[in-house]
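Note that chain A is present in both complexes that follow, paired respectively with chain B and with chain C.
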Partner chain A sequence: MSQQAAESSPRQPILIHDPTLRDGHHAVRHQLGRDQLRAYAAAADAARVPVVEVGHGNGLGASSLQAGRALLSDEAMLSVVRDALTTTKLGVFMLPGWGTTESIRLAVSYDVDLVRIGTHCTESDLAERHLGLLRDAGVDAHGVLLMSHMASPERLAEECARLVEFGATGVGILDSSGHYLPQDVSTRIAAIRSAVSVPVIFHGHNNLGMAVANSIAAAEAGATILDACARGFGAGAGNTQLEVLVPVLERLGYDTGIDLYRLLDAADIAARELMPAPPTIDSIGVVSGLAGVFSGFKNRVLDVAAREGVDPRDVFFELGRLQAVAGQEDLIEDVALALRAGSTGQRERTASHV
Partner chain B sequence: MSQQAAESSPRQPILIHDPTLRDGHHAVRHQLGRDQLRAYAAAADAARVPVVEVGHGNGLGASSLQAGRALLSDEAMLSVVRDALTTTKLGVFMLPGWGTTESIRLAVSYDVDLVRIGTHCTESDLAERHLGLLRDAGVDAHGVLLMSHMASPERLAEECARLVEFGATGVGILDSSGHYLPQDVSTRIAAIRSAVSVPVIFHGHNNLGMAVANSIAAAEAGATILDACARGFGAGAGNTQLEVLVPVLERLGYDTGIDLYRLLDAADIAARELMPAPPTIDSIGVVSGLAGVFSGFKNRVLDVAAREGVDPRDVFFELGRLQAVAGQEDLIEDVALALRAGSTGQRERTASHV
Partner chain C sequence: MNSERRLSVGVLGAGLIGVDLAVKVERSAALDLRLVAGRTADSPGLKRAARLGLPVASRGLSSLADLDEPLDVVFDATNAGSHAEHAETLTPLGTLLIDLTPSRIGRMVVPTVNGAEVAAHRDLNMVSCGGQASVPIVRAITRAHRIDYVEVVATAATLSVGRGTRLNLDEYVETTQDALREFTGVGDVKAILNVSPARPPATFRVAMSLIGEGLTHESVHPLVASAAADVRAFATGYTVTSCIVNDNKAFIAVEVTSAGDQIPAYAGNLDIINSAAIRVAERCAVERRPIEAMEVVS
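Let's look at the complex of A and B:
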């Protein structure tokens, strides 16, 4: 029935990278327990998902008062998921600052197959030491750029080329605030694709309902590693929905090697065992995506806006205009106070103003 | 930040048609009450949504044992929503068979601004009498084709041209099973666009996570009337999410005339007052969309599959292969029995087989 199935052309392989047990952790304040990790990891393994990523939402070493204490230690999470996997590879995520060289050694000691090092989109230099360490240890290492809508395609391509020099065996971009539309993704992936010879990665969020479409745009522009989570379980409005993306890719002529029925089973297990409710796009999710603000700011914005009696939507749009980045949480207070004083923003805003 | 904003080019107008109080009725077994209808209609009116459609999920005259009894009569629904609207137009939906010429007279007596007549995608002839009646009454009338993925672009264009001959002032297609990917929509809308001179309509469902992307593809191919519901409230995996589509359209340079903040307020009211939970894409939703099966079959398939001890996913794929259409519910039994007897389908299915 579809006009798009490319049955006669050779099927392009796409490697699906599944951070359900890492990005999804954001949605449950990092409180997944052993049985939950084990149940989902085993189900993903049975479906032949190539890589499962596990950890605190902010990655190795991030469990803390500031980022939220995880229920389990990094060691416990790695151990449980390592034991649950047979053919699926074990991946971890790390943001330098939260994670350290010690975290890398820990991951290596648990026989992790793949480590992802993430940095802000213009700060790939921060990944040099960790990528070098992983290259020396012979462990597959990805370098990924967060909040990537804040940099031009050319700049992202340069940063990715640098990540490859540091030793990354795959590089790419995260749409951390769910801001992209498909054409934004195409341009950026194409620029990166032409700058590097390693596999290119795309990781979407669904704030504007575009996570699946953006991932397809990424594949069409040459990305060969796509991130997706069961039921979209992830920060804010959620990630690209895994069990939707996979059959859509297959229908378009890509080859994921994944068993659809078992993938649907895994998603059902995730829905039942991991999440109070699957992610949906609420009004704050829409505004956060439009404004291009880091999803992690949500609760702080809501708290501060309520206290100061200002519209949290105005706070998001102003933070977007100021190009606030993760780590600049202090700006939230400044913006709310300025809005209360009437020195910026406006309470009425038509859709054409965004 | 987006590469796509077309700020310098003239903004193309898009008319948003909002069936939250009609398609959403499917999700709550047609049980919305007066206060609920009033609250949402007033909020949509305040946001300057151009048209609000109200009624039983299957439209005028459909309240019945077979299609489900609505809490309110057609008269009560029309009366409450008519009173709640100031500038927003009042729309109704009708499927010939459920609705009759009497239903049209009723709608006209309640001063309805717009009547939509829906038929299966190859049966536009069934709308002739009703569209003629509306033309004679001077009421704006749309003709829309259900389950439109089952017909070729050329056939849909012919059927739409016929609807225009009958008197339709707008024509288009419903993706009733949520089967389309953007390229499928582009081809069909372009074919219809070149066959008629009235506005072209697209109505999406989100089974494959593509409702917003498909609606954008429709606009880019020349559709100027797009359907969308608050939080996607609608049958099965839900419709295109209204408060996501509108700002995405605006960002791409289209003009909806809608107030974003008040639209987000209306969506929040819908989430709080109308729905037990916003629609999400569950595994059956994915399978139903992939198979191209009418969403209304869902509960019957689940019941019959459980009784016969077969996999409901196999039943969906087999119904899709048989091109079952709404009204052919008997096929569900036949397929389940055949699967139990082992004479069709298979229990293991990789993603590449869909």
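Let's look at the complex of A and C:
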């Protein structure tokens, strides 16, 4: 980036991974159309963003009543974005149990450059087969741990080491609930760094206003792949804001290879074309971050809370108490019913979940 | 019933499923446990089975195939990729296979739905934990309503998901979807599996969503209650926690706790598929008796 000189001495280069067209889908009920995907992908490509990730918010094969039905098929999304990219790499995301090997084969048939396999924080071995398949196919494959605030730094390091054994070429953690403070991130990234020799990934959410600071903490602890989305486009309070993170990294002496003006243009295009309004940290965002619940639950919580006449904030705190993880949106219904009945699940469900 | 008429039973696989299954076989008046066969003598499961006083062997399939007297029934509690070989070896010996892996090879059985069919097949498949928990309810609704789409989301606790299941997630999804199509006639179906890291562990839970014109609370509720009562006859921890119908959509959630035995209360996923498998074997025992009696007469 030529617009300004680094204020600090050079540090390790950072590879920016941009899931605007995947995680952003959570904010618009997975309804992005072809023109929207094409416009943003081309703009990110022009800015030399290294990787653009596309898909349903929960990845390949995830279009469902549970997480929301996508406007476009996986094929359509892959096809449009593949055609829009020249030098930027095409990435996809998949959660085993949601997508299958068949979904991966489909993505590989569209020449994806990078496949990320996600599992909940202690479940890395669910990715064993899929990472092995990708290794055999010669496709770059990341292993990432969701809801990572639920596990200790040591456990996350162990899980990441296993992901590397399975074939991951990059490993790391997602702050799916936007729950971390910078110190939480530093200790976790440092633990992972000491357990693996492949690049370490951090993916932030902004529920507590910490996404950029957390990403910088990750870089300082040795992470070299950082996720960020244009305008922070993502579930609930949104993700790390791409066009803020990149210049902050550059000021600190981390090279990203991204063109600032083109990046700002891409972010403006995202703001204009992809979203009715940029993500903001509203009451629900704060509460879901505090409660440690996946922000992607927001729309369904609001729908169900309105239907049942209960406070959506109570729903989030109760989901947090039950340790609901991303993918368990069905629990929202039971929690809202219990709140309406005035029991807040303190009877039978408490015994079973907590 | 005297002991000669009990079916002789082997359990292949000494993981989470296999050991609990063996304990349930021991308790059944219709079944006679002859052997639990694992692959390694020092596996934790096989050691646990031995400590429980169960007959164990460590040479896997050959431990069962080499018995002097072929077994009436073998439960396959290994993994989907191995079942074909197990069936190929054991079926010629006259052994009935009850497969707990999501192999999609044998005839799929859900006891309250097609339990009457079991006598006609030599290789029975127990679908999946999510299939056993959802098919009875989904089937009851689809028999009474025209349904366009069915979705089944299961969540199991991390400690209740063993190595075999972890390697067979794709097979879980595909087999559960096959069973939903087969037993409901609905073409557009989706199955999802979450593994929850929550501590203390989350109770096994299955959420079903159906889309169809004309679904009403008045029609759906009794169908769900009746189907659930049928399942509870053999899986006592099967409970409906939500049943919500609006906008041509039905949402039903069940939670399944284990009846105890060798698995903790939250691991209803293991309990429901094992209880269903035992139910099937007991049904085979009942159906076989008159045939043997006739043979004696002739």
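The definition used in the following text is that the second predicted complex is superposed on the first by the 296 of 354 C-alpha atoms of A that agree within 3 Å, B and C clash if a C-alpha of one lies under 4 Å from a C-alpha of the other, contacts with A are read in each partner's own complex, and residues count from 1 in each chain.
Simple rule for what comes next: contacts are C-beta pairs under 8 Å (C-beta built on N, C-alpha and C of every residue); 3 or more make two chains touch, one makes a residue touch a chain.
Since the model is a prediction, treat every value here as computed from it, not as a measurement.
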First (chain B), second (chain C), both or neither touched by A:W98: second
Partner chain in contact with A:D184 - chain B first, chain C second, else both or neither: first
First, second, both or neither for A:V212, with chain B first and chain C second: first
Superposed model, chain A: greater residue contact from chain B or chain C: B
Partner chain in contact with A:D125 - chain B first, chain C second, else both or neither: second
Partner chain(s) touched by A:M150 [first = chain B, second = chain C, both, neither]: both
Chain B versus chain C as contact partner of A:R38, first or second or both or neither: neither
Which of chain B and chain C A:D268 touches, first, second, both or neither: first
Shared chain A contacts, counted only where both chain B and chain C touch the same residue: 150, 348-349, 352-354
Residues on chain B engaged by chain A in the complex (per definition of touch): 1-4, 11, 149-150, 153, 179-184, 187, 206, 208-213, 216, 231, 240-241, 243-252, 255-256, 258-261, 263-265, 267-268, 271, 277-283, 286-287, 290, 292, 311, 313, 320, 347-354
In the complex with chain A, residue positions of chain C that touch it: 149, 151, 153, 155, 158, 163, 166-167, 169-170, 172-174, 190, 192-200, 202-203, 205, 207, 209, 211, 239, 241-242, 244, 246, 249, 251, 253, 255, 257, 265-266
Residues of chain A defined as touching chain C within the complex: 64-66, 96-98, 100-102, 119-123, 125-126, 128-129, 147, 150-151, 307, 322-325, 327-328, 330-331, 333-334, 337, 348-349, 352-354
